[in-house]
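Down below are the structures I want you to see.
After this come two complexes, each holding chain A, first together with chain B and then together with chain C.
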Partner chain A sequence: MSRPSPAAPPKRHPTAGFRVFEGQATIVMPDGSYIHVLNEIGSRVWELLDGEKDESQIVNIVCEEFETTREVAERDVREFLATLEANRMLG
Partner chain B sequence: MDLSLQGLSQEDRDLIRTRYGLFTFQPGSLQAAPIQVVDAEVPGFLKTVQVAGRHPEIYRLEHRWRSDRLVAYSYEFAGWYDYQTRRGELAVVKSSGDLLHRAVENFLRVLTAHWFLRRGGLLLHASGVVREGMAHLFFGPSGSGKTTVTMLSEGDLVLGDDLVGIRETGSTYEACAVPFRGLYREPPQTGQGFPLAGVNRLVQDQRDFLEEIPPSRRAAEMMASLPFVMGGEGASRALEITGRLANAVTIRRLHFRKSPDFWRLLAPAASPA
Partner chain C sequence: MNAYQAIIARNWKSATPYSALFELTYICNHACSFCYNCPTGEKELNTRQVFEALGKIADFGVLFLTFSGGEPLCRKDFFEIAKEAQRLHFAIRIYTNAFLIDEAMAERLKNEVHPFELEISLHGARPETHEALTRVPGSFNRLVSAVQALRKRDMKVMLKTPITRLNMDEVREIKALAAELNADLHFDPVITPKDDGDQEPLQLGADEEFMKRWWSEEFVDVREEKVPLRRNDADISAVCGTGRSGFALDPYGNIYPCVQWRRKVANVMEISSLKEIWRGSSVLKEVRRVAEEIPKTTLKNSSVGDFTAFCAGVAWLQTGDPTKMYAQAELVARYRKKTYLELQARAAAGEFIEGLGQTFEKCGE
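Right after this comes the complex of A and B.
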C-alpha cells in the first residue's frame, strides 16, 4: 500500500495495533504476521503519524525533542517513512 | 467455556469424554453451550499449499470474526461459534475416527484462545510448572525447551508442556491448565488457577542466568507465542492484554542448561521491573 500522494501527511495504518512501553512502541499489523519494536525516535515518529502533520512538521518536532541536526532528522524521517511504507504500515 | 458437542456417535462422545477427562461435564449439563457437529459434505475447506514453492505447509488454520461470531476453518473442518448467543456449528470432513477428533481438538483450541482473550487473558504457547503454589511459565518457539523444562521439574505440578492459559484475576494473573494434550503429556486433571510467579522466554545456553528485557520486547516476544488470535482485531486486543500483563508480572529471558539448576534463579518470585 502506498501513500495517497507525496504531499499527503503520512498516517499510521488504521488497523495497526500499537502500544508504547517506556518510550518504545510495539506494533502488530492486522494480519498478525509481523510484530515490530521501534526505538525511541522511531516510536515518537510513529506516534506523530496522525495524518495531520506533514513530513516537515514531524522533522521539526524530532529536532526539538532529540539532539540531532535538521539534516540528519530529515534523512532519518524520510528513510523511516520509506521503511514503514515498504512494510505496509502506513494507511 | 462450557460446550456440548451434539450429533456425535456414542463411541465418539465417550472418546472425547475420556480424552478431556475432568474438564468435561456430566451428560445433560444445562450450563453447556451447544455445538452441532455435522457432515461437511465436501472434501475439505483448505488446500495444502507449498511453502517457498517446495515443501507442503505443516498446518494452516484461518479465522474470521463476524460481530460476536468466530468462524474458523482448516483442511478438515469449518466451524463457527457465537460468543453472544452461545451456539455453534462444526462441519467435519470425516464424521468419525482420527480426523474427526483432530477437527474437534483444533476447533476447540481456537475457541479457547479467543475465550481467554475476550476475558482479558491469554492462551500461551508455553509450558507451565507450579512450584510452591506459584505458576512459572516458559515460552518460546518450538525447540526452545518448553518440554525439557517440565522434565527438569520433578515433583512439581506440570500445567502443560505446550499450551497454558493465563487468566486475569483483578489486578493480578493466574495460570491454569487447558484440556489439550501437550507434546508428551496429558493435561493435569484440574481447572484450578495458580498465581503467576513469572513468565520466562527460554534461551538454551551454556550457563543459567536471567536477562532483563525492555517492556516493548517483552510484549513482542509474548505476542509471537500466542496461537490462533493473531490477525484482525484479535492482534490488537492481544497486544493490549500483553501490555497489561507485562506491567503486572515479571517477564524475562531465562538462559538455561539442561539441568534443574535454573530453578535457583526463579524462586522466590521477584517483582516486576
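Right after this comes the complex of A and C.
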C-alpha cells in the first residue's frame, strides 16, 4: 500500500484502533494480531497524522517540542513515516 | 517483557482500564440452553444513548471494545454503532453466533467495521450437536458458511467452544473443523451459572472422567495448553482484571466490574464521565480488594491453588462468596496439577519437556 500521493499530508490509517497510555501510543491494526507500541516521539507524530498537517509542519512541531535540530527531526520523521507505510498504518 | 506487556503491567498496577465489553442487546436469534444472560425487560439503550456511552468509554482511554449480546448483530443500528466506535479509534472485537453473517454481511463487516477479531461460539462438530445447544435448526451450517465468508476476506476468527457433556466426545473433530476453516479455536472447560445465580447450566458441564482425560497426554494434540501451566501472581497480585483492566456494560447501560461479576457500579447514562466513578466507587474498591486477597488466601491455602484459573464472579454466583473455591475451578486445577507433576517427574528423569514451568495469562490480561 502506498500513500495517496506524494504531496498529500500523511494520515493515520482510518481503521487503526489506538490510545496513548502514559505517552506511548498503542496501536491495533485490523488486518493483523500484532500490537504496535510507539516511543514518545513516535507517539507524538502519530497523533499529528490527522491528514491536515504536512510533513514539514510535523517536523516543525517535533523540533519545537523535543528540542532537536531540523536536520535530525526531518530524518527521523521521514524514516518513521516510511516504517508506518511499510506496516500499512497510513491511509 | 515487551513494550506492550510493560504497558499492560503498568495499567494493572494503577487499575487503568484498557478494555470494555458492551452487551448491545439481549435480543438473540438463538436459544442456547446454557446462556448466562438474564434480561430484565427494561428498555435497552437507543442509538443516541449508545453513542453517548461510547464517547464516555473513549474519553476514559479504553482501547479494546468488545461488542457482545445477546446477539449484537441483531441490532438494526449495529453498523451505525460500529462506525461510531471506529470513529472513536477503538480496536473492535465482536462476539457473535454468526447466524446473520452471509457474504454481504461479511463484506460490510470487513469494509465498514474493521474488527480485529470476531469470536464465534461453536458447540459441536456436527449439526445435531451444535443445534442441540443453540436450539435453532440450520445454525451449524450457517456458522460454517459465515466463517468461510470471513476467512475468505482475511478476517481473524476465533471459534470458542465451551466443553459440555454434549460435545466432549467431539473435541478432536471440532479441532479438525476449525483447522479446515482456517480459524483459531479456544476450548473452555468451564460452564458458568446464569447471571441471576441459576445453576442449571452447570448440569451441562463435562464430567470428571472427561476432565481427567482432557488434561492427560491423550488430548495433548487438541489442547492449546500443551503443558499444564501455573499461575503467576508475582508480577501482578490480583487474581484477575475485574474492575482493574476493564469493565462491562449491559444493554441498559449498567456498568459492572467485569462480565462475570455483576455488581452494579453505576449507570453510564447517569454519570458525566467514567473517571467520576472509577476511583471512588465503593463497589470497585471492594472488588479490587477481593481480587488482591484471593491469591494470598484462597489460592495460597489450596493444594491446587497454583493451578487454579479462579473467577471471583463465578465463585460469587456459585457459593455466594467471591473468595470461596468452587467445584469447577478445583476440578480443573486438580487434573492440571496431576499432569504437571507427572511431566515434572519425567523432566527430572532427563526428558526435555517444552514449556514446563510457564504460566498462564490471567482473565483480563
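Here, the second predicted complex is superposed on the first by the 90 of 91 C-alpha atoms of A that agree within 3 Å, B and C clash if a C-alpha of one lies under 4 Å from a C-alpha of the other, contacts with A are read in each partner's own complex, and residues count from 1 in each chain.
As a convention for this text, a contact is a pair of C-beta atoms (placed from the backbone, for glycine too) under 8 Å apart; a residue touches a chain by one contact, two chains touch by 3 or more.
Just so we're clear, the structure is a prediction, and the values are computed from it rather than from any experiment.
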item	value
Touching partner for A:V37 - first (chain B), second (chain C), both, neither	both
First (chain B), second (chain C), both or neither touched by A:E52	neither
Which superposed partner A:E64 touches (first chain B, second chain C, both, neither)	neither
Which of chain B and chain C A:A25 touches, first, second, both or neither	first
Common interface residues of chain A - those touching chain B in one complex and chain C in the other	15, 17-19, 21-22, 24, 26, 28-31, 33, 35, 37
Chain A partner contacts - residues on chain C that touch it in the complex	2-4, 7, 10-11, 16, 18, 61-64, 86, 89-92, 114-117, 154, 156
Touching residues (chain side chain A, partner chain B) in the complex	15, 17-22, 24-26, 28-33, 35-38
Touching residues on chain B, where the partner in the complex is chain A	214-220, 223-224, 229-232, 234-240, 243, 246
Residues on chain A engaged by chain C in the complex (per definition of touch)	14-19, 21-22, 24, 26, 28-31, 33, 35, 37
